[in-house]
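Both of the next two complexes hold chain A, though its partner changes from chain B to chain C.
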Partner chain A sequence: MAENLIYALIYCNILLLAVVVLLFGSIIIIRSSKKSKFDNKDFFLKKVTKSLNRYLIATTEQDELEEVEFDDFQLKKIKKSLYTNNRKDYTTTHLLSLKKELFGEMDEALDHAYTYLSLHEHSLKKTKSIDHSIRVQGFQELSIFKSKLGLSPILKHVNSRNLMLRQEAQVALVKLSTREPLSFFRKLVFDITDWEKLLLYSELTATEFKHATNFEQYLNSPFDGVNSFIIRLCTLFKKIETMRTIRHLLKTETSTMVIVAGLIAIREMGDERDITLTKDLMLKHDNDRIKIEGLKTLGSVEDPNNLDFITSYLEDPNLQVQFCAMYALNEITFEVGHYLQAKEAVLSEAHDLMISHIQNPLN
Partner chain B sequence: MDYFIRIAEYLFLIYAVTICSSYLLLALISYFAMRRYMKKNSFVDFKKILSSPLAPSISLIAPAYNEAMTIIDNVKSLLSIEYNNYDVVIVNDGSADDTVDKLIAAFHLEKVPYFIPSELPSKKIRGIYKSSNRAFRRLVVVDKENGGKADALNAGISVSNKELVACIDVDCIIQPDALMKMAKTYLESRENVIAIGGVVRIANSCVIEDGRLIKVNLPKGLLARFQVLEYMRAFLLGRMAWSRINGLMLISGAFGLFKREIVMEVGGYDRDTVGEDMELVVRMRRYMMDKKRVGKVLYIPDPLCWTEAPSDKKILSRQRNRWARGTIETLVKHRVMFFNPKYKVIGLLSYPYWFFFEFLAPWVETIGLIFFAYLTITQQVSWVFSLGLFSFVYLFAVMISLLTLLAEETSYYKYNDARDFYKMALVAIMEPFLFHPFVVKWAIAGNIDKWRGVKSWGKMSRTGFVQTPDKKKS
Partner chain C sequence: MPFDIKLLICEDNEALSSLMRFKLLRAGFKECFIAEDGKKAKELLDEQTFDLIITDIHMPYSSGLELTTYIRKELKLDTPIIILSSESIEGTVLTGFELGINDFLPKPFSPNELIIRVKKLLKL
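Moving on, here comes the complex of A and B:
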């Protein structure tokens, strides 16, 4: 037994020594390969850049009144050299970087180059790759170069369990389907994350169709995240016409997330009719977040009829709610101290500090 | 007698094999988790967070104690972080020098009445200052009586009114995109995230300009280089794995992001421990599990924070001594979690790992060496077995260090000079002989100090970062 153990130890040591040498060697190889890879890439890209520059110059030098004709001679030269996937990748990446900087005719010329060089086929192949990061590359390329061929392969991934695939598929769809950028919301089988909301908002901000999009059609989603996001979008894009639907939804809604988004919408786009709804929501839901948003909303309306209702929240057990009530009172009366004295309200030390805090311009 | 010696040898062997296997397993999980993270984020445009009204609000909370020399540069650096919805809360923890006066003068601060809706336990707040200059509107300075780091952090968290709080060391260099990366990780999780940690790297010999890291250099001193390797190993090949299996128990005190609401619920930092960073994370996790609520602690492998490592043996020994005491305090306080299935991965894996391989390891190593010395003196030593075991542990340590270097090469590639790699490989070869024995010694001293009732942090002094020539002249 002991002898066997010693032999096992010796074998382990030899194995470990081999692994150590192997690791050392692989780091050196990785370092040197990084350098040579960049050298090859740089050499090829120099040639591509030269031809692309000539192509772009020829495109922009045309008479403005005539329809743009693309000079495909230079593109043919590039196409001949695109015989490996690596080269197709380098060229696509280069086109993408140009796309970020160029607009107008140049932008169209780049879209044309992408299609002419059959890079969309390469991108479509990528969307079927086993490697998720390569698939995402495919989504991004197809959507940035507005290749409609990408729509159906990308749509398959909006409910992917893989976070990266799902996010990028959603973003790509917003870029591609300009008329109804959020149409995939109808196909969602689970709620969207906050990061997805942020990405979608960012993409929608960039699209010129955001004002034409009818967001309220998605307000009947079974997911609270989607509903609250749609309300936020309506608020951020100032879609006042959606207020009717939002009001209707809030009357029966139980999710805090959606109600809070609704109260923000009322604050930004509501009118007198919404004051009663706000008060009802605050009374119906014993939730601090709803109370706080409700008080902010009532404060922003600046209607003296609400003063008594708001003052009652100065006795709420949560100091944060009291603070918001004081803030709302100050928004309406400007001289909250005098108002409360006139009302003979019993003010604590904390209330005095709240008033000083609110009225200090540096806070 | 011979029988007992053999049994003891087997026990040491089993311990060594178990600890090595767990390191290897963690290293492999980390490696793949890191690759996955990097792939996932290679497409992300973090700048989208900057312009988004949907980004979470964050308070950067930095306690300062006698930092008059560097506080202005440090605050300027914090105010220039790339994020939109954030503020910087500097907590002057009763400094004996003119830290507050310098801040007041440099940032046009004025004392303001400030209402705090809910307070964590901390020493008395003397005043809260805000700037009359719009350029510094993000800055809040809290002046309070001295109570230690945890106390100052509690005061800062109380004053903050943001959704998330990032607790940092004021003298650390935070990467400009650190908050964006943290916010992205926070937003993308479907489950409730209560804390996020990031990689802390060593900035000795790096070039710093206006509180920003300009050039990454390998430290000049051997002691700091050992720590570079140690930090890389711990952060790249340790914590990432624990986060992957939802068992992370420690987020570095130098930079950690927490959900304020949960920190308030658990009562903030414990002011009676020297390992307040680990204790808070463990308590938050325990609290969430006790309440049957989901609370994930995530970790991102991006280097987000650069800190100055002690380049003096005395200071390093004090730091390690404190770390050892902090570990014991946390393990003792939360002993109910030990092998408790109620706490899932934390109770069944993380806690036992910390107990057997972090707390006990220095003791096992020391006892092993004493045992070996005894066998040598009494001429009962089996040289083949002993040398086999020593070389196994040594080669394994070198292998793990090289794996770390490989992970670094294929990910962040911060040390891109070829000579740096050879230097680090040499450090990996020397570390088990020249650095590790001291780490064990300091940990044992920490254990002893803990039982003797030592509670102090020990004096920590820093030499300061390397500044660019222009900065030096000024």
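Moving on, here comes the complex of A and C:
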């Protein structure tokens, strides 16, 4: 009897367990099928697009209080439905695709929507992802929507050993920093590469702040790449007020990269007092690149007092240096062939070819 | 005040075309069709008449300039055309005007400005 009771109890327990498992299992299946239906991208985006368009148009046509409340209502509707990462990604992508096409009030409305919908939190999470390409997505999203919360997490990657993360972090910081887009230069532990210089330059020319930025403050960097890049930026954006600092730097500098950038700056922004500095640099550094830039600079000044100095470089072992000297002579004399003939200079066959090319460039 | 006007938007960016359509309908234009590529645009143009066409330059199948040539040379229509483009290269703009576009709006643009230009071309 007792034995039968025990068996009955065990049997009941097993039945009960089976019922509980079935119940929970069905709940999970129903919930996941519900989610998968509503996570369908097209279905979700259709709903979001309707509300978002209403919000965007109403925001840029506002004046009435009712319309402002209407805006919030539309965004609230969207926010309630953003309970999966996929949906957050779809919405962010949708906002990004509008962001690149629109400007003005609409652009500001998109930034507001991004923050209101807490999509910046989703982007911040991405910056901690194991997958580097997702981290980069996070940087790009935060910087495009100008979310200042991204500054700190992105700054951590400015010295990353991973080249992609480092480059993308630098570009994102230029987009995000409203006053000093290159302030992260003070935190660098590696020098910047030529590709990074190109990316940064491209980004700076797209910002509104290139003319207000004080580049000079970064000229005391321990890295030659940074210093040469800053000098090039000063030249390109015609920061003539930085020439004093550049001259001072060139007097003690030993890096070819920096001296070459300095000589280009002299050519574009310098004055008569820089001619002596140019000649000194050419004599001090027996480097072909420095000689070439120096000769270009002397040629652009068109001062006949430099003719003898330039002529001496026709004997340089490097043909390119010789050609630059020939070109510079032509810039000053306009007829380098006649000038050298008058000087009874001994010319080689290469010199004759150079003269012919300079005076008849189409041949 | 509603305008009995039929517009065609040729734009492959779905988010943007949807927003433009919403804006134009809200501005009072009666009908607004969307073509997401040059092929669909030509099909719609073959079937219906439009009062104004807004087209992007870069689209699948046919560019905005090719579409303009199709409208002006093959369909022989003088429907006003506005081109939207992210490249404001002088050559592209001039080519567009030579082919017969009526206005050029560089991207990024303001939808409010688009409405003003549409109304101006349609003399509303």
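For this structure, a couple of remarks:
The rule is short, and it goes like this: the second predicted complex is superposed on the first by the 310 of 363 C-alpha atoms of A that agree within 3 Å, B and C clash if a C-alpha of one lies under 4 Å from a C-alpha of the other, contacts with A are read in each partner's own complex, and residues count from 1 in each chain.
Please note the rule applied: contacts are C-beta pairs under 8 Å (C-beta built on N, C-alpha and C of every residue); 3 or more make two chains touch, one makes a residue touch a chain.
What you are looking at is a predicted structure, and each value in this text was computed from that prediction instead of being measured.
Set side by side, chain B and chain C differ in how many residues of chain A they touch, and the one touching more is B. After overlaying the two complexes on the shared chain, residue contacts for A:V20 are found with chain B alone; chain C is out of touch. Within the superposed three-chain model, A:A109 lies out of touch with both chain B and chain C [touch as defined at top].
Looking at the shared chain after the overlay, A:A169 reaches neither chain B nor chain C. Legend: residue contacts after superposition of the two complexes on their common chain; A:S356 is shown touching chain B, with no touch to chain C. Contacts of A:L236 after superposition on the shared chain: chain B is touched, whereas chain C is not.
Of the two partner chains, chain B is the only one that A:S133 touches; chain C does not reach it. The touching residues of chain A, counted against chain B in their complex, run 2, 5-6, 9-10, 12-13, 16-17, 19-20, 23-24, 26-28, 30-31, 132-133, 136-137, 140, 163-164, 167-168, 191, 193-199, 201-202, 205, 232, 236, 318-320, 322-323, 350, 353-354, 356-357, 360, 362-363. Residues 49, 53-54, 56-57, 60, 94, 97-98, 100-107 of chain A are the ones that touch chain C when the two sit in their complex.
Residues of chain C that touch chain A in their complex: 13-16, 18-19, 22-23, 26, 86, 107-112.
Residues of chain B touching chain A in their complex: 6, 13, 39-40, 42-43, 48-49, 51-56, 110, 112-115, 117-118, 130-132, 184, 187-190, 382, 384-385, 388-389, 391-392, 395-396, 398-399, 402-403, 405-406, 409-410, 418, 421, 425.
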